[in-house]
Every structure is written in C-alpha cells, then in structure tokens.
Amino acid sequence: MYAGGGEYNVAYALSRYGMRTGWISRLVDNPLGQFIKNHARTSGMDVSEVVWVPYDGVGRADRIGLNFTEVGIGVRASVTMYDRGHTAVAHMKNGDVDWTRIFGARGVRWFHTGGIFTALSDTCADVALESMRAAHAAGTIVSYDLNFRSKLWSSKKAIEVTKKLVPYIDVLIGNEEDFQKVLGFDVEGTDEHLKKLPIEGYKNMVQKVVATYPNIRAVGTTLREVVSGLVNNWSAIMYYDGQFHHSRRYENLEIEDRVGGGDGFCSGFVYGLLHGMPPQECVEMGAAHGALLQSTRGDTSMVTMEEIRHVMGGGSARIKR
Amino acid sequence: MYAGGGEYNVAYALSRYGMRTGWISRLVDNPLGQFIKNHARTSGMDVSEVVWVPYDGVGRADRIGLNFTEVGIGVRASVTMYDRGHTAVAHMKNGDVDWTRIFGARGVRWFHTGGIFTALSDTCADVALESMRAAHAAGTIVSYDLNFRSKLWSSKKAIEVTKKLVPYIDVLIGNEEDFQKVLGFDVEGTDEHLKKLPIEGYKNMVQKVVATYPNIRAVGTTLREVVSGLVNNWSAIMYYDGQFHHSRRYENLEIEDRVGGGDGFCSGFVYGLLHGMPPQECVEMGAAHGALLQSTRGDTSMVTMEEIRHVMGGGSARIKR
Amino acid sequence: MYAGGGEYNVAYALSRYGMRTGWISRLVDNPLGQFIKNHARTSGMDVSEVVWVPYDGVGRADRIGLNFTEVGIGVRASVTMYDRGHTAVAHMKNGDVDWTRIFGARGVRWFHTGGIFTALSDTCADVALESMRAAHAAGTIVSYDLNFRSKLWSSKKAIEVTKKLVPYIDVLIGNEEDFQKVLGFDVEGTDEHLKKLPIEGYKNMVQKVVATYPNIRAVGTTLREVVSGLVNNWSAIMYYDGQFHHSRRYENLEIEDRVGGGDGFCSGFVYGLLHGMPPQECVEMGAAHGALLQSTRGDTSMVTMEEIRHVMGGGSARIKR
Amino acid sequence: MYAGGGEYNVAYALSRYGMRTGWISRLVDNPLGQFIKNHARTSGMDVSEVVWVPYDGVGRADRIGLNFTEVGIGVRASVTMYDRGHTAVAHMKNGDVDWTRIFGARGVRWFHTGGIFTALSDTCADVALESMRAAHAAGTIVSYDLNFRSKLWSSKKAIEVTKKLVPYIDVLIGNEEDFQKVLGFDVEGTDEHLKKLPIEGYKNMVQKVVATYPNIRAVGTTLREVVSGLVNNWSAIMYYDGQFHHSRRYENLEIEDRVGGGDGFCSGFVYGLLHGMPPQECVEMGAAHGALLQSTRGDTSMVTMEEIRHVMGGGSARIKR
Amino acid sequence: MYAGGGEYNVAYALSRYGMRTGWISRLVDNPLGQFIKNHARTSGMDVSEVVWVPYDGVGRADRIGLNFTEVGIGVRASVTMYDRGHTAVAHMKNGDVDWTRIFGARGVRWFHTGGIFTALSDTCADVALESMRAAHAAGTIVSYDLNFRSKLWSSKKAIEVTKKLVPYIDVLIGNEEDFQKVLGFDVEGTDEHLKKLPIEGYKNMVQKVVATYPNIRAVGTTLREVVSGLVNNWSAIMYYDGQFHHSRRYENLEIEDRVGGGDGFCSGFVYGLLHGMPPQECVEMGAAHGALLQSTRGDTSMVTMEEIRHVMGGGSARIKR
Amino acid sequence: MYAGGGEYNVAYALSRYGMRTGWISRLVDNPLGQFIKNHARTSGMDVSEVVWVPYDGVGRADRIGLNFTEVGIGVRASVTMYDRGHTAVAHMKNGDVDWTRIFGARGVRWFHTGGIFTALSDTCADVALESMRAAHAAGTIVSYDLNFRSKLWSSKKAIEVTKKLVPYIDVLIGNEEDFQKVLGFDVEGTDEHLKKLPIEGYKNMVQKVVATYPNIRAVGTTLREVVSGLVNNWSAIMYYDGQFHHSRRYENLEIEDRVGGGDGFCSGFVYGLLHGMPPQECVEMGAAHGALLQSTRGDTSMVTMEEIRHVMGGGSARIKR
C-alpha cells in the first residue's frame, strides 16, 4: 500500500532531498486520509494547507481515491485500475484555498500542478486556473505536467480545458503522447505502439509549442520505448533558451514498477532548475531520478541524492559495501 | 481480502452446505467485481441473475463497495470503515430484475434480504419492496434481517421505510438493537453498552412485534454480550408458533473476527427451517454456525456441516486427528 | 498455492474466456480436493462429472497430487518436484465415467486430454483409450497434448502406449521434444540442450507424422529456446491442411513462471479453432496466450481476452491507465 | 512449514537442552526429506542412522508424510488432515536397521518410540517389536508413548498389536484416552468430550496397568481439559515406585498451537529421569515444557531451559527485559 | 519493524492527539535513523533538534539501538533482547544540546524523560541532569518515568544516579517495581512474581516518597497483575495534592503486545494534566490509553482520542459500524 | 533473514556438497547467535570450536553483526549497510583458539580465511596471522580471499596488514579490485566503474603477484561486468602452474542477489582442488557455483551438485520435470 499522486510525488521527492515543500489537496478525515498525511510527513512535506473534510462513514459524499496496480513483465503490460470517482479532491472548488496568501505571504518560489488534477472534474479545472493565475500574479514559477489519462477525460476535452491554462505556464512537462492528446500538437513519425520514438519529430513539435506559447520558457520531455514489461529504453530531452539538451540514454533499463517515472523525471528536473544547475545537468538529474524511481515499487522516491548523482555521472550498478 | 455482504453470506453458506442458492446484485465489471463472482462461484452459488454494468475506468459512475475492518482485542473494539458510496448496487432500481420470472418460473422457495440493502439508497428501498412483494405473491417465503447500520441511515428513516416492508415478511431476524432502531419497538432493561442483556424484556418485545404483524411466523434473535474484544457471550432465541426456544449459551466465546456472526446465525437458522428441523434444532444450528463463523477471518463461512453438528451437540474443541 | 493440471488448465482458460467447459477427474473429498473444486468453479467450469472418493484420513488409499515448483532465474532452471504417487486420479479405471452419455447426451463438441494423464498408471492409459474412443465414436473432436514427462514414464513405454491412442486424435499438440519421446519421430538438427531449434527439421518431422497418421488434421507445436531462467524465445507453428503457419516470434520474452505455457498455447489454439478463426489467427492466439500465461505465477490463466488480442496484434507492454 | 513427529519432537527437545540424541527413520532423498534433515541438525540431533531411499520423482514408491493443521479458537477445534499414506517410514521393515549395533556398540541409554510409528503399517509394528526387544536385551531403558490416533488404526487393532510390545516397556506415557484405546484399560467417570477429568479414576486405572505389567516402572500421564480452542486446563501425573506425583495445574492456559504438547511433556519428563531428578521435579518439568511448547506454532520446542525452570517454579508471564 | 522509546512514545502519542511536541535524541544518519525520523514525522513531532552524526559504514562508532521482541502467550512471557550497545544516544554528552535555548526561547511547557535514557551511560546521566536542571530553571514542568531495566544497570547504580535528579522532578511516574529499584523505597506485601499487588502498601510508599521529596507534585503509578501472557489485570493510581485517585480497573484485559503500556499511561496522564483535567480524569485517561496501546503491536499509539474517551467512559468493545 | 560471512559461506557450501568442514568464530550466546549455529548445523558444519561468550543483555560488550541488504535492479545498485561494530568476533584475539591442536591433532587439510575477518580489528589481524602461521606449520593448505571492503578499512591499512600474511598463503582469491586495494598491484586499463574488464591487464598483474610471492601456487579471480542491477557478465580465471585457465563466460547473467557470488566461486574452486580435478574443471566449478549462488537470495548456497555440474557443462535453464 503506497501513497502517491502527480503533484504529491514531486513534492515528496523534493522534500526528501532537503527542500521545503508543501502539498495542497482536499482529503477526507478517515484512516486512508491519515495514511496519506503520515506518509507525506515522513518526507517533511508541509501539509498544513490541506483542506480536510469529515467522513460520512460510507463514502457517499467524499472518498479517498484508490488505484490498483498490476506490475507487468514480458508481453504483459502494467495495468492501473482506478477507483477514484467522488473523491474529496474532485470536489475541490474555487475559494477552497486562499492562493493569494500562499503564493504571496508564504513566499512560494515554484508551483507545480498538472493534467491529472485538472481532469478530475470541472471544478478542479476551475481550481487549476485559479491557482495558476494566482501563482503567475505573485511571480511564482508555474510548472505543469500534461499527464494525459484517457480514463479521466477525452483528448478533445483535455485540449479545450488546457488551452486556458497554458498562458500561465513557465515550465511544461510531458511524455511522448501528452503534447498530442492534451495540447493538440502532432509528432510526425510515431507508430501506434510507441515502440520507437522519432526524436527529430519531437523537437519540431516542441518548437511549434514554444512558438505558439512564448511564455513557456522550458520544456521537459521523457522518452520511453517499451521493449517489454521489464525492460524499457528511457531518456529525456529538455528545451531551454532555444536549445535542446539530451539526457544520457538508458538502454535496456530494467524497471520494477514504472508508475511514477514521469514524476521522478519532473522532480529531478525541477530540483536542478531551482538549484541553478545548467540545463544539461537538469535534464540528466530528471532522467536519472526517473530511472531510479522505477527501480522500486510505489510512486514516490525511495532513493538518495547520492544514488542520483552516481547514476547521472554514468555510474554503474556495482554493489556498494 | 474477503468478499461478503448480508444476503451474500447467507447464500454462500447455504450453498456450501449443499443447497441450491442464487444471489442477485448489481456489480461493476472490473477486477473487484470479478473477485466477488469468483468467490461466489467457489461455493456453487448461481450468480447468473446478477446485473453487470460496465466500469467507467475511474469509479465515478458505479463502484464496488469496500469495507476496511480492524479486528479488536481487549478494550479495543473492532471497527469497520465503509467506502461504499456510489456503488453499483446502490444504483439498483425497480425494473432492473424480473422478479416475477425469478420467483415464478424459477420456482424459488425462499427469499432473503435485509436492512443493509434497503438502507443503501431510496431506489434500493424501492427494489426491496418490489422484490418482497413479488416473492410474497409467488408464495416464496420471505425472510428479512433488520441489520441496523447507523452509518447508512438514521433510525427514524429506517423505521419509516421498513414499515412498508413488514407486511411481506414471514421470518424476521435481528440482533439486540435492531428491533428498536429499525422497527421502533423498545426492550425494557437494556443498558447503553449492551453488556448484559435482559432476556425477559426481549421476549415481551418479540410478542408485541408478532401481535402487531401477525404475518410474521418466526423471529430469530441473536444475543451478544461483549465481554471484551476477544471474548463474547453468545446465544440466540427463536420465537415460533407462540413459543420461545433458547439455544445453548456460548459463555466466554473467543472470537477471531466477529463480522458475519449474525449472517452465520441466519444461514444456520434458515437451513434448519428449510430442512424441516424442529424449532429447537433450528435455533441451535443458527447459534452454532454463528459461533463457528466468528472463529475465522472474513464474513463468509469456512466451516463444515460436521463441525456445526459437533458444536450444536455441545461438542468440545478437542483436536481431531 | 495454485490448482493446475494439463487438461484442467485448458478447461479453466476456455471457461474464463466465456466458453462452456467441464473437467473430469477423480478427486478425494478433503480440503485439498475442495480447494481444486473451488478454484475450478471460479472460472465457471462444470465439475459435476468429477468422481469423488472419500478420504481415509491418512492418504493411504487415495491422495491429491502435489507439485512443488522452484522458479528459476539466470542459469538456474525451474524445477518441479512431484509428490503425486497414489493419487485418486491415478486409480481411475474404465467404467468410472459414463463417456457415452457425456459425449452423446451432453453433446460435447471437443474433448481434450494428453500424455500426463495417460502416464499416471496403466488404468489411466486404459481410461484415455476408452474416453478417446467414445469421443471419436460420438463425433466429438479429440485433441491430445503429448506432454512428455520423464519422471512419469520412459520414452519406450510412452511410445508403446500412445501408439494405440493416435488413431483417435484429430488435433495433436506437442512441444519440441514430445514428438520424439512420445511418438518416436526424430527431428534432425536439434542440440541436446534445445537452445536453438531447427525449424525446418520440425516441419519435416510433422509432415512425417501426418503422413503416418492421416486422421490427424491439425498439429500445434510450441517452440521454446531457453536463453536463461528469466528469458526465453517463444513461438509456435501450426500445421493445417497441408500448410504451416508461424506465429509471431517472441524474442527475449521474460517469464515469471514458465509452468503452464504449453497449456496456455493449447487453450488459445483450441479457442481459435472452435470459433472458426483462420489457422494463422489460431496459432497467434495460442502463442500469445502462452506468452501471457508465463507472465504470472501458477499454471492457470489470469489474463483477459483483451490482453490476448492486444498481444496477438503485436501490441506493446506500455502501461494501461 | 514445520518438521515434526512423535519420536522426533522428543529427540529434538532433548538435543536442544544439551543431550546427545539420535533419531532413526526412513526418509526419501528429495527436498522435503532434506528439509527434515536440516531442521533436525539445527538442534544437533544425530541423523546418521536414518535410512535414506531414493525418490522416484513422482511419489509412487516412497513419500514424505504431510500433515495440514488448522489451529482452532473458540468452539472451533484444531484439525489435522494427514496426507501420510505410502511414506518411506511406513515401508520400514525388520532388518533395515542394525538395532543390536546401535543399542550395543553405540551405548544408547534410552530408547523412545510409540504408538504412531507402530500404527503406520504391519511392518512398522514388526520394527517396533524388533527394536524394543533389542533395546531391552542391551539394557537400554525403553519408553513408549501410547499416542492413539483413530485415523491410523482401530482401538481393537491397537490393543492387539500393543500387547506384544508392553513386556519391553520400562516407562509408559499416555494422555487421557490412550490407556483405554491402546491398552484396553477403562477409566471410570470420564465423559465423552473429556471436558472434566476424573483424577481418582485415572489413578485406579494406572494401578491396574502396573499390576498387570510389573515391568513398567514409571507412568507419565498428561491431563487436558479443553475449555475452548484457545484455553485448556493442563497438568500431568507421574506414577513411580508406588506413588503418584501431581504437577502444578495450569488453569486456563492459553495455547497458540496444541500439537506437540504431549511430546513436550514426554521430553521434559525424560530429561528429568535421565538427570536423576526426583519424581516430583520430573513431572513438573514435563508439564511445564508441554505448556510452553503449546505457546508456539509447530510441533518442536522453541523455548529455553531457563524458561522451563521459570515456569516449573511457578514463575509468572511478566516480561523479561 | 517499529520505532519506539520511552520519551519517543510519549511525544508521539501527544503529537498524534494534536499537541505540539518535539523529541531530542542523538541519531546516526543511516537508513535506520531515517526510519525513525520518518516514523516520528508521521505524527507531526518536531525532530529538528535531533543531533545527527554520520555513519561510519560499519557500526563501530555509533549505532541505532535494536530491540528484538517475542510476544508471549500462556505461561510464556514476552521477552525483549536488546542490541543497544554503542548507540549514538549513549554517546550523548553535556553541551550537545542547547537546553537553555530550547526551554527558554522555544517556550517549552513540559519536559519528559526517564530512567532508560539515564541508564544508557554515564554521559547520558549527565545529560539527564543538565537538561532537567535547565528545564527547572526555565519554569518548564519536568516529568520523569523511573522505568527500571535490570539489563541496563543495577538497582544500586540506579538509586545513586537518580537521587541527584529527583530534586528537579515535578511529576513522577513508575510501575510496581520502579520505586524500589530506582528510588530505594520498599512496598510492603509484594510477592516476588508480582501476581497480586498490595494497593495499600503502594499508597504508603508513595506518601513516603512525596514526604521525602516535597518538590514532587504528582505521582502516577501503573499496576499490572500478570495473569498470563495474554491476560493481565491493569489499572493506575495517581497521587495529587495529598489524595489518591484510582482508575477504572481493567480486569482480565487481553493484551496483543504489552510493550509501551507504561508509556501509554504516561502520555494519557500528561495529556490530561496539560489540558487541565481533574485528577480523576487524568488517571483514567492514562489507564485507558495504556490499555488500548497494549491492544496493538509496537510501542507507539495507534488508537484515536475517540477510542480513548470511549474506554475511559467504561465503553464496551462492541463493534463500531 | 539469512546467516552468512566470507569463511562461513565457503564452509557451508563444502559441507552441503558432502565434505567435512568446520567453522571457527566468536559468537554471543543470544537468539541471533543461536540462529547462526542452527543454520550452520543444517549443512552439517562442525561448530564445536566456536568460542561462545555470554550476552550482556544490552549489546555493549559483544554483539552479533548485522548487515541490511537492498537488492538492486536497473540502474539502482545493491547496497549493504553494515551494523557490525563491537561484534564478538571483532574482539577475538590470539590465544582464544588452540590452532596447533586444530591443524595438528584434528588433521585439517585446508584452511580458508580472508580480508573481511582481517579487517575487523587489530586483534583479528593478529588472529589471522597466528592461525595462518599455525596452518602453514602443520602443512595445511592456506587459502585467502582478499575481499576488500572499503567500509572496514583503508586500502593503505589493508596493504600494510596483508603483506605480513601473504607468505603463508598457498591459494589466493580475489575479484577485480582486490589485488589493487589489498595487495597494491595495479591492473592496467581498468575504467573507474569496472564495466568492461581488461583481461590481459589482469593476467599481467597476476604474474607479477606470483613472481613477487612464489609461495602462491594458485590464484583464482572472478571477473564481473555490471551491465545493470539485474544483469551482469560473469566469469573467472585461474592461474596455476604458470598457466591461465578461463571459465565459461556467463554473458548477461541474471542475478537475484549478487551477495555471496565471490564466496560461491571460492567454494566451488576449493571443492575442485580438494577433489584433484584438473585446473580447467576447478575454475569452471567455481564460476558455475558463483553464478548459481547469485540466483537465490542470501549469502549461502541453496543449489545442488547436480545443478552445478549441469551448468558447468553448459547446460541450459530448461525446466526439470
């Protein structure tokens, strides 16, 4: 049993690596909600701004979402079954959180959210807009992970909703299919199963994105080629200041549980940017953290900064003792 | 991880002891729904009348209910946290099932339902009425377990709804507090914590019930005195044909998991009635089965008919080898 | 703890994919026998024709067979230790089952058995002959999986016994070594460890088999090259109507537990034939199902038809969410 | 998964407490046989005289016996399902072991066997006689635990066989029902379920036994009153030199797993006799060890001599830290 | 695997019930130290004042202490094996922590420590004195749990060291044997095994203690009678303002794991005092919390305030649903 | 939970394969020490020369060392955290063991120790010298596994201490980095991460070693190329009588747990030498055993001689049944 979620995993990892982070959501006050709070607090995340709602004893009003994950191997893919209808967070609405105070008085430097939260409900989409606008107004950097989930909404709805959010995004993150399904930009040369990825097509597409939305200052993209349930090729590209930076390519990477890999990239990448690392190092840190995160079960990071730096530097998997 | 439910547990047990039973519900077609179907089929229950609905991938439309149970010991009580809002079965409505065909063409002898199903939603209350009426019309015996759950509805609502159902009940089942909370009949001399139960008060109350509703031909009541989380006193009383029959009293009964005890009584009791056993034997079988069911984890029966008969006969817990 | 067996696994899988199947064996009425019955019933298999024998309390007369399996990795092979002497099924004999009624009155379309059952005892070999003859006489299609097991009998005995059965076989199934050890047909060019398989040699051998036994209308063969304990190359060939059909080749397939792979092929293959699929699709379905079955622990299928079709179509192991 | 057996448990415990012991049986050379050898050697038992037979790969010729145990609670009794037919040890026969060398050249002081081994087969009964005679001739003390098991043989057969063995017994051990079922001596005043035990009746019976067989110098009897699956009353009586010695009575003793309790008594008792303790101390050590052994899962002793002495001395279950 | 410790358990529980608490220790920066930090942060404890030392990779310089606990039942007592030599905290010394800043600038209202920490080493005894003096000087209330552990020091040494600390204690806590072993005050009428406790003797002893040390304003004492490994009688007495207050007596309380019971009392008791509850309520809260804490595995509290209040009020262990 | 250690693993494996072995250490008499004794005795190792010391109840005087191992996958390396300071064995000193009697009177043919023991403390280094000298004087063959562990000592200290031991070594064992870190001999052409190993450089280095220390008659070296956490290339070289013998190269070997691989090589290698196998066979047995040992969890061998011979002969990982 693990706690996780798009923004949660990023905040968790950054807190684990010594940064002060907070996470805001709407949680039900029952043992499952407490489990999340406890897990969050192990990393030192500030959860004092979470909106708590009482539990009705049945799960009619507000629930904690559950995901059941099968881990794949060979030709069998990993599968996630969502049981996340009617969750407390899906009922979040404008006004629940005082974003102005948070981004202003509390002096937040970076705000991260993304497409899963936005997709949960129309009121969540409202909250995404409200919070991103407030962050933008306060001078807080806004990053957004497109994170398309076909079970949560259609591509058409995603594009329609996300278009309103893009003007407030400084740093855009996505994987192979997100740009197409959430922003409506096509990549030339992709095959249906995404087994081989056309790097040049990606770059052209990213250039179109930043030309269309000049407010976007950086774009981080993970590239995953699924060799099998156990083995993936993994790497990342970062666009920054007119240039592309390729991470080390992790050929034939074994993965214990691929869920959370994108958030692993995102948190490593944001860590780099917030520490003023050069772009190449940022993308390497993101890719290395994503690779390591996929070597353990669960969505959140269990590795150390020392391990990340070792892998970024091309270090081997030789035993440490 | 266990499958269970009021009617489910009764059908499961009777099927396990060689009777042909079926169970009707509304289930979502996802791995949790399949888990229930699989578990049901191990006992041989007929689940062909279950209404299946597709899963929306998220749990917004229809879910499978979840209960999280802590098993108590000492002064710590068992606790059940329900996560059963928005379940497929709560969305059941009149017309979903062709009750006339089932009680008529399929020749069902006995129909059992109860207060948990009725409490799930207004449409479930409608279905309870529809199905009980149809059973009654077809000459099928109707049993009803009052099963009050304060987390599902108020006593006021329960009384209001249940009053409409009582005219169709032949066999009424309840525990210590059900008659008061669901039917509105008081028992004199009960203390708040139900540690010591006033047997005479119960009998008076049952007599009032059957006087008010002469269609009720039998009443089965379980009596539980909670000594501690591990140890309970347990017994049952049956009213039949103007007379009361007391089961053996299980003094200082150790319980591994008390959930399902009432259903264990109910299934043993119905088994007796359907096999034409004398009333005393019916109540003994119910009480013995309930005692045994509480000696294993989970809601459904894992014991054998041989063990039930052994315990009914006052048999000891001496090892069999 | 898993239930499994050659014919059992095939019936289980076909039932899981919506077909009406039954399975006949001779079982002891103890908790282990009940475990098998329960597991079978989860898939909906009809086990009403199973011959039940009482348990003597000790396991002297009739037992349930046990297999202890170690799952290999690297250079360590999987190992199965059998503890299946004196099983109830090994004591099956002619007359125990009324095959004429089953294949006649119950209208069975397809009958599947194979070399493990036949090898259990001389009376089992008798029953194989009796049942296959009865099926043949009733116009039921007979499939037979050669399934050589050196721990159960010698190649010499296998050939001698199987020769009498072959005239009643319509569809023959085997892996690389079965044809040689059970039917006595050599494949040219095989090395001792079966690391690289000579496809042409197989085809020549199959053509000799069907020339010798013209009653055999289809032959399904799985081809496994053991790269390591974790990684195998896997594919299948089907001979039908004078032609060979090659499945997709699963290069470097990771396997979680290789036991049941052949039965996985067989059930997929039979599914195709019974649904009137073209031969190429039949062999693809068999190979895909076999590949998927090896991605989970235990002998029986845990995957869905949707996953099979996805893999048959060359689909990737990309996460579904 | 545990290793155990009547004689085995006694040898294991005595070795654990620092004595040199050996254990002789007939085992199959497969992973289960090796498991037993490994477990035995952890206590330092000498297993060099075990007769090993090769495994046929299937379990047709010789098996390792399996027992499946359910642990009871409340009204549910513990149940043991034996799967011990066709075991290697059941095929033991006269001449397999050179008893003369063992009791002579190796200087064994004490030989212990009992009614489970004797019941396994006619050839085992022969071996019991052969070995006890050889021990007797060599001046080795012979102890015998009557250990009646109704699943292994009838009382009639037990009496018939055991009568031939009794002349060679020096120390006789049994529980409440053994004397009646295996030797044919009745106890007056026992009820069918053995819930309350008539101590005086036992004493009279024991005196009849020693009068009939004056070679018996000591008799150890365990007395168990089964209050429930979790709680038993437990004590023991020793007859020695014309006198009875009662152990401390363990009222309302909680038991984690009652299997092995009798062997726990036996090993403690023999330990005392071999160390020249006075009779009262012998019976106390036996009863204390039996009580402690029942506080852990499995048949063999996991407690320390320090714990035994603490309990013998009436010590409490207060935490040690 | 659990985290725990005398002061830790108290801080953990109070934080769990909504109070702001902190915990100070000296920890090694390795995965075990991080495990403790993570566990502490789940309850919201402030661990920012913990003194961290690097790990030498081997455990020569500083370790995290380990306790291995066997949970008893029946006549078998729970046993704790300490592996806590050379721990980082045992190497704590005066000056490591700026107590003046903590009790002064940070405004701590209550300081709790006790005899386990003091016993770890001579430098720990120095730190106990330094910190208690600083707390006293800052007007912080000081509570001290005598907590005698015979494996850590002798009674003679304990008395000698503790005498210097007593002048700074406001609230004294202890169990049955602590006053004698740590302070040197005898209780008349105790038996060696502490099975029956002489209440009057205790009261006399407590009065002598407060007469000798008038700075002690309250004394909390837990009374445990060990019926068996599973069942204890449990209660508590509080001396305050010249009067004794007896808690509810928990007769035949079942315990899942008795470790942490005293800390459970202490934290409930302190909670009451800090919330200005009347003395009777304070001792009831302590006793109830201690009873509940012993109903779960591990040293730290897993129950809710609602459960504590329910038990304090004499509530039954009847299921909540 | 596993028992293990450099010399222990070698003795365990050789005993498992039928040789008489003993193991000498200094152990604490607590449950952890008993766990090691029990585990050792399962293989038949003689542990009668182990020096036992009492436990102080706290772990201040003498402890059993603990290692916590994370098993790596993908880019995440396995990690071992040692908690082995202040262990009983680290306090071993000259005179604790009567080496003259052991190598003389008990007729030991081979003595194996290595760099982990030597590194534990200065007194352990003394004992290494004392024991190796005594073995040498008695004509016992001495093998030494360099086994460098950076967490235990520096390379500088290792070289200084080991130089005194080398004159007594007959058979030297090491992996890629040991010769450099422990003996001070460089290999030309190694990269920092040891991903690709320069075979020729190794050979040159080994020749320098034997030229410098002509008493060394054989050198066994394991070569590991770490492809990933799951996959390594593995092989070994043996220098003997002026010639090099290369084992089969295990390309892309999957490893379940790499700890113990070197000891697996060592024990296979010594087995070959003691059985008079030709050098090529010795190095093959070592490499095969090391490969197999890494296919199971824990440090000690769980495979059979039959499996070793199968793998040595190039046998495949095809299932055995």
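Here are a few things to note about the model shown:
Each chain carries a letter (A, B, C, D, E and F) given by its place in the written order, and its residues are counted from 1.
Keep this in mind: a residue touches a chain if its C-beta (ideal position, glycine included) is under 8 Å from a C-beta of that chain, and two chains touch if they have at least 3 such contacts.
The shown structure was predicted, so the numbers you read here are calculated from the model rather than taken from an experiment.
Where touching is counted per the definition, the chains common to chain C and chain D are B, F. Common neighbours of chain C and chain E under the contact rule above are A, B, D, F. Taken over every residue number at the interface, the positions common to chain A and chain E amount to over half, indicating a same-residue contact. For the pair chain D and chain E, the distance between C-alpha centroids works out to 46 Å. Among all residues of chain F, those that touch two or more other chains are 82, 150-151.
Chains touching one another form the pairs A-B, A-C, A-E, A-F, B-C, B-D, B-E, C-D, C-F, D-E, D-F, E-F.
Contact residues of chain D toward chain E in the complex are 250, 252-256, 288, 291-292, 294-296, 303, 307, 310-311, 314-321. Residues 37-39, 41-44 of chain A touch chain E in their complex. Interface of chain B with chain A (complex): residues 30-32, 55-61, 63-66, 68, 81-86, 151-152. Those residues of chain B lying in contact with chain E across their complex are 72-80, 82, 149-151, 193-195, 224, 226-231, 258-259.
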